[in-house]
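Below, chain A partners chain B and then partners chain C, in two separate complexes.
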Partner chain A sequence: MAASTDVTPIAALAKLAISDQSFSQVKENFESTLKLFEELTRVDTNGIEPLVSPGDRHQVLRVDTDETLVERAELMQNAPAQEENYFTVPRVID
Partner chain B sequence: MSDIDLRACSLHELRESLENKQISSVELTQFFVDRIKLLDPQLNSVITPTMDLALKQAKQADQRIAHGDDSALLGIPILHKDIFCTEGVKTTCASKMLADFVSPYDATVVSALAKSGAITLGKTNMDEFAMGSSNETSHFGAVKNPWDLSRVPGGSSGGSASAVAAGLAPCATGTDTGGSIRQPAALCGITGLKPSYGRVSRYGMIAFASSMDQAGPMAKSAADCAQLLSAMAGHDPLDSTSAKLAVPDYATEIERPVAGLRIGVPQEFFDKQLSPAVADAIHTALRQLEAMGATLVDVKLPSTPLGVSTYYVIAPAEASANLARYDGVRFGYRCEAPQNLEDLYVRSRTEGFGEEVKRRILVGTFTLSAASYDQYFMKAQQVRRMIANEYDEVLANVDVIAGPSAPNTAFPLNDASKSITDMYMEDVFTVGCNLAGLPAMSIPAGIVEGLPVGMQLIGRSFDEATVLRVGHQFQLQTDWHRQVSRIAEFAS
Partner chain C sequence: MKWEMVMGLEVHLQLATVSKIFSSSKTAFGAAPNEQTNPLDVALPGTLPVLNEAAVRQAIVFGLGVGATINKVSRFDRKNYFYPDLPKGYQISQFFAPIVSDGVFDIPLPDGSVFPVRILRAHLEEDAGKSVHDALPNQTAIDLNRAGTPLLEVVTEPDFRTAEQVVAYLKALHGLVTYLGISDGNMAEGSMRCDVNISLRPTDTVKLGTRTELKNLNSFKFIERAIQVEAERQQDLLEDGRTVTQETRLFDPELDETRSMRSKEVANDYRYFPDPDLLPVVIDDSVIDNIRSQLPELPTVKRERYQSQLELSAYDASLLTQDRATADYFESSLEHHNNPKALANWMLGDLAAAMNRDGLAIRDVVVTPAQLALLVNRIDDGTLSSKMAKAVFEGLWQEEGDVDPIIEARGLQQVSDTGELEAMVDELIANSPAQVAQYRAADPDKQKKLIGYFVGQAMKATKGQANPQVINEILRKKL
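Take a look at the complex of A and B:
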């Protein structure tokens, strides 16, 4: 069942797992949301420039200077696992 | 102190009382600390109270006042939505993912308000990662509406709205990506302003949809919001999208009368989705503005019905990218005993995010995927341009646009009859301003069956001054903003 729908590969891309119990509910919600979008496909948007952000009127540049806003040790305090001031994860190379 | 009703005071009145030594900041802060302790168990509006920090800051404020410091908000307590990073204090975004996250720095909004002398009372509950219109998606449980505890306060800034409406704080911060300040302000009977995109820095405000997220004030009146916005607004080099524009003197601007202003009334805001009782209340409020000398003008925003679908393509797309950072590696929730890196990513995210957040990440991942990018994401960006153009055209001929903030008054908690997409339709009148980046405010404008109604005022880009002015002048002539919930009446 899971392989025949679009939700499963999307979930894999998003690094989310969908349990067997919740699968039909997730699929139904996903499809009802996409149904909401159908009205957009009927709008004639020929020649209209996309609006990515209301702030896209100008590009903001600044001098590329090096500064420390937060000390490394403070940032590391929220690390779920660390060793010698580095984040640690399960072994990735055997 | 005993003859001042601290729950009813405006920020200006509180400042005067502090200045005249009728009350100290410690006493004022203690008053609201006690109210939170006493009343919040019924509301669940505060996730993390910061009582000790607040009383420490209040003592410092009293010393500054004694030394003649007259900073605009000196000694006044405020609650911050738990989406703003606060140094040394938990910042959870109402998610299991960040339940134990302690920010190493302050958001610019928080530091700016602290610089003006505001006292941090605590962090308010919200929909998880600001995704919701009922405050029911919080990992820390739903927030209750102080007007009726069986109803929602709206969302996502539901904790801030509920707390201010219950008199647990004189004011609060909120954020608004699709209506998250205005809709809860409407449902809780308070005043809430979403500034123009770029008016207030987003630095340290946890990202949801970066092209629409904006911070703003929530308080009892437009005058209070003006005072708060003055402290929050302005360019911040730490946010490249913050505008390099001078911040007007809002306190002066709002004193100008509305006579001669042209107020656009879009017919699309009064369609079948709007409850007839809310429509009546808004029409009465519009007639009040007319009686004050403003001219009502019928205007058209024909793409209004497309706003919700456009928003629900764009916001989840941006959210799916923003929330990719929560991978269990550097900060936030990590699953127990991961078998390998993939397992760490997948289980941390699956266990750390709630259902609504995952739903939106899935939708956003889909609309950004190569096969559907043009069909949905690009298309939505084009419709976004159409919507923004319509607002610009209308606002070239009127000074503000007025209409309802939400289609209904507060609805019941756990309303099983409301589908996911029904919930999304709550935002039908608010999302347009986020898509177009415009300033908009909700002000109390009536009561229907014991529940408040909000009127929305929408202004030209970066013209918060006129929006606040219309709101303030309306509030000088009406007392809807002085109506309080039953819980707010409860004396400490």
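Take a look at the complex of A and C:
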């Protein structure tokens, strides 16, 4: 069972702000999801190869040629902020 | 207490493809911001990645180059973190099933010995975009040209004990990938980036200490210094009875120190999971065999061959095989004139000096391999003395024309015509009765010294163009 401390760091990793009011509801949903996965872990998988993807299809490869699909200005037209051909965001300093 | 450094390396190589790993945008360096992007690179909804065949092929080439296992089935996973230059919120990488694993790369050390480095794995992934902090005031500018550039991350076992070994490995790796033509290995442009995992342990112990990761070291000089500085920092902590914190650190060459990159520590949990947008990559044996049959001769094999077949010294062989362009130049010149030792001397002597002086790389040199070969040929056939050859070389370097026209134009031909030289020697003997008498009276040992006078006079008379060997023969006959 997930402890309440599990919700906070996972929310932080997902950049989710959870209000105090909704916290218990989120925690409950989260725990019921984890419970389902706990059930799955009880299935005996000894001797069974992991299923990488359903079906036996393989990745299709693309020939290495370049192509401009959309001009830059058009591509950036929906960007919330831009300047001098850059997307801009509030200053991030390492 | 005595400490031992233990290091493992992660090197990101930018692969030499025309387009990105999952999209058709260009990968060229130096374009204006965001010019090399398309809807997939900026993570617009509804786009799907399609894997670049050349990136897969180049990863296989690398794997074969270090004798590694090429995994018949590999997969792509998502590495999740938030950063403005990663618009999808995840990086596509190969975490669970890399394309290449378990290789060994033999590194030649300066003392002639070989240092084997175990390659744990090499996996394909996409690069992130670039955050520019100083382009605009109070904002961070995002350029996504680099986003989606194909990278091969090469991870070693913790096999390194000294900074010199690390640098030797990186130089050899640079040589290998440029030979294989899978990366230009340009550190300044970020085509080869290195992270060093470093820890200390008391000598004679087996258990590894806590490590730190030094990130984005972009020159051999900085890498060596960063390792020294970080090892000293860890040693001070441990000797003070304190502990090393496992973290990522940046080297600051100006302050000559490493410092913690705290911002990345928070997001240390990447929650990898298989990318549902990409199916498993399956590689047939026939593809691997085909690539294997087209591999160029590897530098280690070449170096060995230069020594055993061409009888070059280990030192010359290692210099000539350091990068592919140099080896190609040498081998091309050898096809025109089969004198490996002389050609090696010219390449590592006058040619290297001229390149050094003018700051040129072998690719930019105007003297062709055929011209250098002809120049050496003209020494070997007696047309030129080595001194004259140097002048002809200078002429070639200054683009005065081809070898023979330069010899002609600069009047550099050695006089080897026996008739002409005999007449000149006759005159010389007639004009130097005292020296001739002295020579004839001397014992054979003394004569060897005295003949020098006549050779000198003959060279003077021909303005240095007489073939000294021919002169010597004529003198000995006539005196």
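The definition used in the following text is that the second predicted complex is superposed on the first by the 84 of 94 C-alpha atoms of A that agree within 3 Å, B and C clash if a C-alpha of one lies under 4 Å from a C-alpha of the other, contacts with A are read in each partner's own complex, and residues count from 1 in each chain.
Just so we're on the same page, a contact is a pair of C-beta atoms (placed from the backbone, for glycine too) under 8 Å apart; a residue touches a chain by one contact, two chains touch by 3 or more.
In this text, all values refer to a predicted model and were calculated from it rather than measured experimentally.
Colleague: Is A:V43 touching the first partner chain B, the second partner chain C, both, or neither of them?
Modeller: So A:V43 only meets chain B here.
Colleague: Who does A:S53 touch here: chain B (first), chain C (second), both, or neither?
Modeller: The answer is both, since A:S53 touches chain B and chain C.
Colleague: Could you look at A:K15 and tell me whether it touches chain B, chain C, both or neither (first, second, both, neither)?
Modeller: both
Colleague: Tell me which partner touches more residues of chain A in the superposed arrangement, chain B or chain C.
Modeller: The partner making contact with more of chain A's residues is B.
Colleague: Considering only touches as defined above, state whether A:D6 meets chain B (first), chain C (second), both or neither.
Modeller: Only chain B; A:D6 stays clear of chain C.
Colleague: Tell me the contact category for A:R62 with respect to chain B and chain C: first, second, both or neither.
Modeller: The answer is both, since A:R62 touches chain B and chain C.
Colleague: Just to be sure I read the superposition right, which of the two partners does A:I93 touch: chain B = first, chain C = second, or both, or neither?
Modeller: Touch status of A:I93: second partner only.
Colleague: Quick check for you: in the superposed arrangement, does A:L75 touch first (chain B), second (chain C), both or neither?
Modeller: A:L75: touches chain B and chain C.
Colleague: Which parts of chain A are in contact with chain B and also with chain C?
Modeller: Touching chain B and chain C on chain A: residues 13, 15, 52-53, 60, 62, 69-70, 75, 81, 87, 89-92.
Colleague: List the residues on chain C that touch chain A in their complex, please.
Modeller: My answer: residues 17-19, 24-27, 32-35, 37-39, 42, 50-56, 73, 75, 80, 82-84, 97, 131-133, 135-136, 138-144, 250, 261, 263-264, 266-267, 269, 271, 274, 276, 278-282.
Colleague: In the complex of these two chains, what residues of chain A are touching chain C?
Modeller: 9, 12-13, 15, 52-53, 57-70, 72, 75-76, 81, 83-94
Colleague: Applying the document's contact rule, which stretches of chain B touch chain A when the two form their complex?
Modeller: For chain B paired with chain A, touching residues are 101-102, 104-105, 196-198, 210-211, 237-238, 240-241, 243, 305-306, 308-310, 312-313, 320, 327-334, 338-347, 349-350, 353, 358-359, 361-363, 365-367, 369, 375-376, 378-386, 388, 419-421, 424, 435-438, 461.
Colleague: What residues on chain A touch chain B, complex-wise?
Modeller: 6-7, 10-11, 13-17, 26, 29-30, 32-37, 39-41, 43, 45, 48-55, 60, 62, 69-71, 74-75, 77-81, 87, 89-92
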